[in-house]
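The following pair of complexes shares a single chain, chain A, combined with chain B in the former and chain C in the latter.
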Partner chain A sequence: MKTYEVFLKKEGKDPFIHAGSVDAPDDEMALTYAREAYGRRSEGDQMWVVLRCNVLIADEVELEMADRTHKHNDGKLVAELRRTTLSDQS
Partner chain B sequence: MGAFDRPINGSDTNRKLTNVRVYTFLMRTWNSMEEFEEFLDAGGVVEPNDAMPESYRNAVFRFIELHANSEYMGGLTERDWIPKAPGMHRKLTALAKTQDEIGHAHLLYMVAADLAIKTREEMMVDLLEGRTHFHNVFHYRVHSWTDQIAVAYLVDAAALASQQAVFKNCSYGPYKRILRRVIAEEGFHMRNGEEMMLLMAHGTETQHDMMQESINRWWLPAVQLFGPDSRPGDELLKWHIKSERNEVLRDRYVQKFVPQLLGGGFTIPDPGLRKDPVDGRWKISEIDWEPLKKTMRNGGPDSARRIADARTAWQNAHWVREALDSSVEVPA
Partner chain C sequence: MVPSEEARKLVLSFADDELCVGQNHSWWIAIGPFLEEDLAFTSIAQDELGHARALYSLLTDDIDHLAYGRNHSEYRSAHIAEFLCHDWSSALVRHVLHDMAEQIRWSALTNSSWTALGETAQRALAEENFHIQHGLSLLRRLLSSDEGQKRLEPIVLSLAPYGREYFADCDEGLIDDGLLTISMADQERMWVDQVLETFDDFNISVDMGEETQSSGRSGIRSDDFATLHDEMTAVIQIDPNAQW
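Let's look at the complex of A and B:
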C-alpha cells in the first residue's frame, strides 16, 4: 500500500485545498478511493491525488527566515507622513 | 513558536509522518510539559510532524482510534439494514449512510495511523480481536426497523453532539480538519432519523407503539454515550482535545430531546424524569454506570456477535486485499 494526499478545488477562484489522505495499492485505485472518500458530495470539480512520498516538507525555520514582509514600505508611516505634509500646507 | 534541539520529556523524535521527504533537521518541540500546555492553552494546534509529548500523542491516538472503531462498527450495523429497509427510497438512504460511516472510519484510521503508534492494519486486527473498544451504542442488538430509526435519531444526535464539542476547539490539527467532513455528514444522518421518527409519530397506532418500544430500548444507551461525569483534571480536556465536559453535553442533550420526544406523543423510559420547578430544566435519574463499564470492555449484550460479524466481514474481504496487494506495480 502507498499513501496518497488528496486535494480538491471548487469551481471559481479558490485554490486547491488539502482534503486528506488515502492508502491505495496503485494510482488507479488511489483515484477511485479519493473520489469515493472525499468527492461524493460535490466538494470539488477538480481533484489532485499526489503520492505522499513525492511531497517535500520544507524546513520551518528556513521558512520563517524567508520572511519578506514589506518592512521597507510601512503603510502606517507613509500615512502619517502624508497627514503631516498635508497639515503643513494648510 | 521556535524549534528546540532538545526533545521534551519522553517525546520520541523517531515518530514522525511516515513516507515523506522531510528537508528539515529540526522538529517543532517544546522544552517542557508546562511550555507545551501553555502553547495549547493559547490555542496552539499540534501537527503530526511535531515532537509532541508521548502522553499527548497517546491520548490523541486512543481517542481517534475509538472514534474510528465506532464509525466502522456503526457502518456494519447500517449495512445489515440495507436489504431490510422498507422501500427503495429508504434502501438508498441506508446505502449512502453505510458508505458515509465506513468512509468516516477510513478517514479517521488514516489520521490515527499518521500518529505512528499503530498501522491501519494493526488497528483493524486489535478491534477484531476485541483488544480495543468502540462506543457503547454498538454493543446492543437492533431488533426492528424502528430500533434503527431510534439509533439514527437518538444515537446519531448524541454522537454528533460529542463530535461537535471536539471539533469546536480540538488542538490536534488533522483530527479537527477531518471532523469538519464527518460532522457535515452526521448532520444529514440525524435529520434523516428525525424525519423517520416524525413519520412514525404521526403514523398508525402500531407504528407509534413500535417507535415507543424502540425509544424505551435506546434512550438510556444514547444518554450514556456521553460517558460518566468528566474526571477533574481529565487530560482530554486539559489538552484541548475535547472542549466540553461529559455532563454538560449530556445535560444539553436531555434539554433538547426530552421536549422533542414528548412533542411526538412519546414517553421517556425514566420514572425519575422531572422538570426542575426552579430552573425549568429537565432532570434525569441518577445513572448506574457499572453496566456501561462492562459493555465498554466488550462485554455488552451484543458485543460478541458484533465483533464476530466484523471479523467475518474482514475474512470475507481477504481476497480483495490480496488482489489489491498483488496489483502493486512499482514500489513507492
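Let's look at the complex of A and C:
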C-alpha cells in the first residue's frame, strides 16, 4: 500500500485545500478511494491526488527560525510615521 | 402509460436484487478489509439500496411494506443477490458480477417508454460506472498476485453461473411496448461475454453451464435468504411503526 495526499477545490476562487490522505495499492485505486472518502458528497469539483513520497518536505528548524518579530510587522509604525510626516509637511 | 404485469414483475425483480445486494454489502460496515475499502464498499451498498428504493417507488406508495413485508415466496430476487458472502473474496466477486449485470440492465431501460423508469435508469447508470471501476480495479489488482488468484478463482467459478439469473425475467411484450430496448436474452449474452473476457485475462475459464441454475424469480428462496431477511427486518419486527 502507498499513501496519497488528497486536495480538493471548490468552484470559485478558493485554492486547493488539503482534505486528508488515503492508503491505496495503486494510482487508479487511490483516485477511487479518494473520491469515496473525501468527495462523495460533492465537497469539491476538482481533486488532486498526490503520492505522499512526491511531496517535498521543508526543514522544520529552518521554518521555526523564520519566525522573527520583524517579519510580523503589521505596518502600524510605518503608517504612523507617514501620517506624522504628511501633517508636518502641510 | 399503465405498465403491464410483466413490466411490474421485471421492476420488482430488479428492486429485490438491489435490496438484497445493498443489504448484503452493508454487512461489511466497519469490518471492511481496510478503512478506504470499507468506506467505498459500504457507500456502494447505500447506492444499491437507493436503487431499490427508486424502483419500489415506481410500484407502490408503501415502499417499506413492499421491501420488508412480503412473504418470502413473494420476493423475486436472484439467488446470487441473496447469498450472504461473509468472506471478502465472495463479497468482492459478487460485487463485480452484480454490477456488470446492473450496468447492462440499466442500459436496457434508459430509453424506456415507462418514462419514470427511464429516468431512474439514467440516474442509476451514472453511478454504475464508478461501481464497476471500483470492483474491477480491486479484483484485477488481487488477481495479479498468486495468493489472490488462488483465493478468488474457485469463488469466481462457483458464483458466476448464478449471475445468469439476473436475466431470467420474462420479457414477453416488453420490447414491443418499448419498455425494454434490449431483450433479456441479449442482455444475458452481453453479460456472459463480459464476464468471460474479464476472467480470461487471468486464465480463468468460467463455465456458465447450460441453463440458469437457480429459481429465485419463481419464488424459491436460497438458504441464505431467511437470515438476510431477518437482518433487514430486525427493526421493523421490534417496532412496526418505527420511523426512519
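By definition in this document, the second predicted complex is superposed on the first by the 75 of 90 C-alpha atoms of A that agree within 3 Å, B and C clash if a C-alpha of one lies under 4 Å from a C-alpha of the other, contacts with A are read in each partner's own complex, and residues count from 1 in each chain.
One rule holds for everything that comes next: a residue touches a chain if its C-beta (ideal position, glycine included) is under 8 Å from a C-beta of that chain, and two chains touch if they have at least 3 such contacts.
The structure presented is a predicted model; accordingly, all values stated were derived computationally and were not measured.
In the superposition on chain A, contact is made by A:Ala37 with both chain B and chain C.
Of the two partner chains, chain B is the only one that A:Asp59 touches; chain C does not reach it.
In the superposition on chain A, A:Asp23 contacts both chain B and chain C. When the shared chain is aligned, no partner comes close enough to touch A:Ala79: not chain B, not chain C.
The partner of chain A that touches more of its residues, comparing chain B with chain C, is B. In the superposed pair of complexes, A:Leu51 makes contact with chain B only, with no contact to chain C. Touched by chain B in one complex and by chain C in the other are residues 1, 22-26, 29, 33, 36-37, 40 of chain A. By the touch rule above, chain A contacts chain C in their complex via residues 1, 22-26, 28-29, 32-33, 35-37, 40. In the complex of the two chains, the chain B residues touching chain A come out as 2-3, 17-26, 28, 49, 99, 103, 106-107, 110-111, 114, 120, 177-178, 181, 184-185, 324-325, 327-329, 332.
On chain C, the positions that touch chain A within their shared complex are 34-37, 39-40, 43, 130, 133-134, 137-138, 141. Residues of chain A that touch chain B in their complex: 1-3, 18-26, 29, 33, 36-38, 40-41, 51-62.
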